[in-house]
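Each structure below appears as structure tokens.
Consider the two complexes below, in which subunit A is the common component and subunit B and subunit C are the respective partners.
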Partner chain A sequence: MLAPAVVLIPVVALLPDLVHGGGFELLADFAQAAFSPSLDPLVVGSALSGLGLTVGIALLGWASSGVLGLGLALASSRQVWTTSCALRWPADLVRRLLALPRSIHELLWGLLLLQVVGLQPAVAIAAIAIPYGALVARVLSDQLDALPDGALAALRASGVPAPQALLTALGPPLLPGLLSYGGYRLECALRSATLLGVFGLGGLGTELKLCLQSLQFHELWTGLWLLLAVMLLLETSLAGLRRRWLMPRRLGLAGPSPGSASPGLATAPAQAPGSGRSPAQSAPADAGLGDADPARLRSQASRPAQPGLPNPLVPVAVPNDGLDVDAGPGGWALAAKTATLGRRGREMVLALGVLAPLLVWLARAMAVNPLALLSWQPLPNLGGASWASVLALPWPQLVGATLLLTLIAAGLAVGLAPLLLLLTAPWPWARPLLQLVWALARLWPPPLSALLLLLLLKPGLVTAALALGFHNLGILGRLLLEARDDNQAPAEAALLGAGVGPRLALFYGRFSSLARSYLAYGAYRADVMLRETVVVGLVGAAGLGSQLLESLSAFAWDQLLALMVVYALLTLLGEDLSDRARRQLLAPP
Partner chain B sequence: MPPAPAREPAASVSSLARPLADLSWLELRQITVPGRARPRLDRVSLAIGCGERVALLGASGAGKSSLLAVANGQLVPASGSLRWLGSPPARPGPARRRQQARIGTLWQDLRLIEELSVQQNLNSARLAVWGWPRALLNLLWPLESDANRDALAQVDLGAELLGQPVAALSGGQRQRVAIARLLRQDPELLLADEPLASLDPRLASEVLQLLLDQATPRRALLLSLHRPDLLVGFDRAIGLRQGQVLFDQPASAVGPADLEALYGGEPP
Partner chain C sequence: MAIRERWAAVLAGLSLVLLPAALPGLNPNGLNLLAPARAEQPQAKKVLRISAIPDQKAEKLNRLYPLVAAELERQLGVPVVYVPVVDYTAAVTAFRTGDLDLVWFGGLTGVQARLQKPGALVLAQRDIDVAFHSIFIANTGSGLKPIRGVKGLAELKGKRFTFGSESSTSGRLMPQYFLAKGGVKLSDFAGGAPGFSGSHDTTIALVQSGAYDAGVVNEQVWRTSLHDGRANRAKVVAIWRTPGYPDYHWIGQPNLDQRFGKGFSRKLQGAIISWRTTNPQQKQILSLFGAQQFSKSSAANYKQIEQVGRQIGKIR
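Up next is the complex of A and B:
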């Protein structure tokens, strides 16, 4: 579990060479400014309006990706196609086609759309909606196809038309996973919206970047603290909703990919999709960081008497309905027995009813005009694409640097999270501190960390990797912390009782059981990082990403096209690799 | 339902006056389903009239499940013809669905929707008749509680179970809910594949009695059984061996010799 941290050694060895003079004072200023953010009404006002825009973009982008994703999920589900017209190939076709929008990072979509249609509020929203929609479609269709189809076949055999049969037989089992995943996507959308802002698509990100570039640290922190507050508010309220609706708890460490995970967690039977059209929109619940394996969830839910092996990695949800429920692994089964059905379904419909007008109002307030996306600006004359110049790009270096960047960043993020947890284990104040640091790392867009690091370091691959790694460290760290908080580890308690020190007890007693799924999640995260290398491209000399941004600003469309294709191929390859790694790690020993 | 003699179909049930030969509720003619080593069903012919209670006997692997799968339209035979309630299966579409809505199956694994309440599961039997709006509403609101309460009462369950999630029920309750769901579908042909296989003896005889009680004059019943000692209460017994019909006679006439021929010499 700590092995990836080995990457620290070369990085630390390289660091002194990278440090250039004079950065430390600036960095100290930056740190001090955290305690005295500017409270000037003008600054606060502009930060608030920027924040409003960012949240608006995130919400609208998330909602449209939900609608888009749900529709595409149905279109790419084998189960749906075979049930409704006994064909399978259309599902596979749609699935293949969706790989392309999925493999391109939302930032690239944003910049591309920006070039094509100009600066519009709809650009940022579409930039989020397109790749997210494709991602949601893949995850949901995988979940759909993994559901047991006995009940569906039974309904069909008694003459029920396909749509109603699909809705009744597959809707309810799909819902918990759908909502959990939808909630997680909303958190991601907020981060993405901030990131898009950094690249000039509007909102708080733009302001943060301007503040940083002009070294206005006090104003910078005003925006940062506000963003942090919104993010934590969102995360807690999603967690609250998830508990209220008895949705599966964060399943991140249980395995991020459908079909590869084995969460030892039984979902409570979920009532009622909010509506057949867009449950994703209707009800955000918190956040399986990954995707639950609904088939497994269901199979456990259907056997409430069997508690299953308590998997220490998988947090067991404790409903807070005032029900007499034990927090042990059997908790869910009990909850399933006593929870009142119906109420949740109606609440979800209500949530949808509140959310829909809110989104419409938001779209109006932001003057979003989706049609603007269709009115393309005249494209610069492509002329004869000069394939010679495309071929002249140093492809091996670009690809190599991108992969190296991913590896270093992944090593840093995956290795440091447990290391820091271990180092700080004995100190009582370590937990809140780590929580704060990790929250900051999550919300701090990687290009901003990169800019900040540039105050201290020379531009280059390691700097970019540090920025990227720091951001993902925030995500992994939070996951690990929650996994530790949510489970008792008898082994750790036993070791502590035997007089073993707290660090060693944590290491042997807890990490040993967490390791496999943590690393599996790390593999998934590495795949995400590969996609994200583009966002730290602006630090320079860092692979395909920086070349891409360069080509984009030079309007070298032929290069851009080639780069995007290579990027997409690389991402798909990485996805496949990380899928394999995950399956290997999660396979029962 | 006016009482009528068991073998005589009530005239009101079938609006068309058909020749008597066509009045079988289920008719298989020369049905063959290929298998790996030998056919799973080998030129099987049988006819079941309305109001009949028929037991299907045979060792495991004799083709009972295949026969029932052909009977409810799940399995399309390689050759032979099938008639439901006097007419051949329609092509997939609304007409076919109307036919299938009249055939109810009690699945061995019950196939209840775990995430839904008892009420919603019972209502799922009406989906073939209901349109979209009610299918959606069923997931949100309790619908047709009275009819569901009646159905539960017929299987000796209390109305307090209506709001319970199916996942929270005991094994016996689940069996009864599945039967109550069939009652809500109100099929004219009721098929059951080994409905008693995983039940303890007491529960098995209770469930069997429940099923036998469902054979009204206008409804035919075909159950596959693995225990010949439960034949009491059936009108007819059909013995299957290696995909072929070995005997087809009144249940009371099944003797030890028949059973020996049916089960004897079979690999376990």
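Up next is the complex of A and C:
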């Protein structure tokens, strides 16, 4: 689990060479400003309006990606196609096609749309909706196809038409995973919306960038603290809802169990819940893994009630019992209190009822006009493409630097999170501190941390990797902490009781059971980082990302096109690799 | 059960009612950047949207351009709004897509904009833009000394060096051209690449702090910074002034006459070049521009910039 941290060795070795220390004064100013953010009503007002726009973009982008993803998931589900038309190939075709929008980072979509459509509020929303929609579609269709088809077959055999049968048999068991994943995507959408702002697509990100560029640190912190408040509020309320509605957690922490193999596309084999944990906890850990683990959903949905579980909640795939299928989790029978079930259903309807008008109001307030996306501006005619100049780009260096950047950043993020937890294990006060630092890391868009790092470090690959790694450390760290807290580890308690130190107890008692799923998630995260390398291009010498920004400012369409294709190819390749790594990690030993 | 339900309903209702109040900034006019550009669009034929490349501190731009908008509105009798943009490339793109009507471009961005929008009008430039200069600056602790000719730039090899914006004429294009003349490649700098600070003010702050050993800025911003004390001579010094080249200029959309009436672009040009230091408002604008007055300009003045742009690959 700590293996990825070996990347620290070369990075630390290189650091003395990189540090120039020239910007210490500025950095100190920056740190001091954290305690005295500007409270000027003008500054606060503009930060609030920026924040409103960012949240609006995030919510609308997220909602459209949900709708888009749901539709595309149905279109790319083998189960749906075979049930309704007895065909399978259209599903595979749609799946392949969806790989392309998914492989391109939302920032690139944003910049591309900006070029063809102009400055429109709808651009940022579409930039989030397109890649997210494709991702949601993949996750959902994987889950759909991995669901047990017994109920479906039974319904079909008894003459129920295909659409109803699909809805009844597959809707309810799909819902919990869908909602849990949806919540996670919303968190991502907030981060993406901020990032898009940094590149000029409006909202708080724009203000943050302008403040940092003019070195107005007090104003900068006003925006940062506000954003942090919103982010933490969102994260806690989503976590609260997840607990309240008994939805599956992100990181399935069960020890791998032998015997079950995954039928899903590029997914990990099943993990049966370990003993002493409620099935709800072990259920489809998605974590935006690009593909949730459908087999877990299956194992959970088809498992008979087990006596002796601490939590009486056992999911059983029963047919819908007359509740509204869209909102009612009809497939989840509760052994002890059936009442909870109805409550949850009503609350979900209520949440939907609040969300829908809110979204409409937001769209109106932001003057979003989806039709504007269709009115394309002609691209400038800058003469024929010169493919010679495209070929003349130093491709091997660019690709090499991008991959190296990804590796270093991934090693840093994946390795540092558990290492920091271990090191600070004996001190109770270190934890809130760690949580705060990680929250700031998640919050702070990587291009901004890159700009800050430049005050201390020379520009270059390692600096870019540090910025990217820091951001992802915030995401991974939180997940690890959440997972650690969710699961009681008798082993750790036993070790502690036996007089082992807190670090060792944590390491052997808890991390050992977490390691595989954590590393599997890390593999997925590495693949996200590859896509994200584009955003740290600012610090120079950072591979394809830097070249892309340079080509963009030169309006070199031919180079841009080639760079995007290479990026997409790399990402798809990376996705495949990380899928394999994950499968291996989650495979029974 | 029922109680909880009612409680939830009340909560939901309350949140719906309170949300608009909780987000005071979120009204159609307050949605910075994007909204002003578009909100006006439908009834919009009549609003003149002006902008500028963000070459200096945002606060200075926010002081200057609303003044310009107000003055033009007074002179021309049409509503004028200032739309800020986040970087040089965004200004060019927004001009091409027709989201901006009149933009204060640099030499390079102006050429890029005109190439992307054939027929765009070069309206005016400042007196200082005919022969504009860049200043190479250095941190006093870097050991760099003032240099004599272009060949002296070789001293910068191995130093941490930053440009301004990627698309800046005085902060990147012409300096890079002179660096090449002095035998310095971009990969010769420490770290294998130069930095791009984004704006001239930032370059000065970064070099002064020691984050970079040296940088290059536009002469007008440098003088202003020395004048108002933001540049501390004990920490940052000028080491070389480049030869002159043409730079900043106002560019208007080709369709201004159709939208605002015949002869509008002539009127607009006339208004800009009529600004004098004898008028208090106009004096304030001119001093923020660092100029005595504006004069007519034409596309032909920027041939040299276009050439260098092509040489360096920023124009294709």
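By our rule, the second predicted complex is superposed on the first by the 501 of 589 C-alpha atoms of A that agree within 3 Å, B and C clash if a C-alpha of one lies under 4 Å from a C-alpha of the other, contacts with A are read in each partner's own complex, and residues count from 1 in each chain.
We take it that a contact is a pair of C-beta atoms (placed from the backbone, for glycine too) under 8 Å apart; a residue touches a chain by one contact, two chains touch by 3 or more.
Computed from a predicted structure; not experimentally measured.
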{"item": "Partner chain(s) touched by A:100 [first = subunit B, second = subunit C, both, neither]", "value": "neither"}
{"item": "Subunit B versus subunit C as contact partner of A:359, first or second or both or neither", "value": "neither"}
{"item": "Contacts of A:346 with subunit B and subunit C, given as first, second, both or neither", "value": "both"}
{"item": "Touching partner for A:561 - first (subunit B), second (subunit C), both, neither", "value": "neither"}
{"item": "First (subunit B), second (subunit C), both or neither touched by A:572", "value": "neither"}
{"item": "Partner chain in contact with A:48 - subunit B first, subunit C second, else both or neither", "value": "second"}
{"item": "Which superposed partner A:403 touches (first subunit B, second subunit C, both, neither)", "value": "neither"}
{"item": "A:117 touches, of subunit B and subunit C: first, second, both or neither?", "value": "second"}
{"item": "Subunit A positions touched by subunit B in one structure and by subunit C in the second", "value": "339, 346"}
{"item": "Subunit B - residues contacting subunit A, complex", "value": "72-74, 92, 94, 96-105, 107, 109, 111-117, 120, 124-125, 127-128, 130, 132, 135-136, 138-142, 163-168, 185, 187"}
{"item": "Residue ranges of subunit A in contact with subunit B within the complex", "value": "86, 150-151, 153-161, 163-165, 167-169, 171-173, 175, 267-273, 275-276, 298, 301-302, 304, 336-342, 345-346, 349"}
{"item": "Contact set on subunit A toward subunit C in their complex", "value": "18, 20-26, 45-46, 48-53, 56, 114-115, 117-121, 199-202, 206-207, 209-211, 213-216, 339, 343, 346-347, 350-351, 353-354, 357-358, 361, 365-367, 369, 372, 377, 380, 382-383, 386, 389, 454-456, 458-460, 538-541, 546, 549-550, 552-556"}
{"item": "Subunit C residues within the subunit A interface of the complex", "value": "1, 4-5, 8-9, 12, 15-16, 19-20, 23-28, 30-35, 37-39, 54, 57-59, 85-90, 92-94, 96-99, 112, 115-117, 139, 160, 166-167, 190-199, 201-202, 205-206, 209-213, 313-316"}
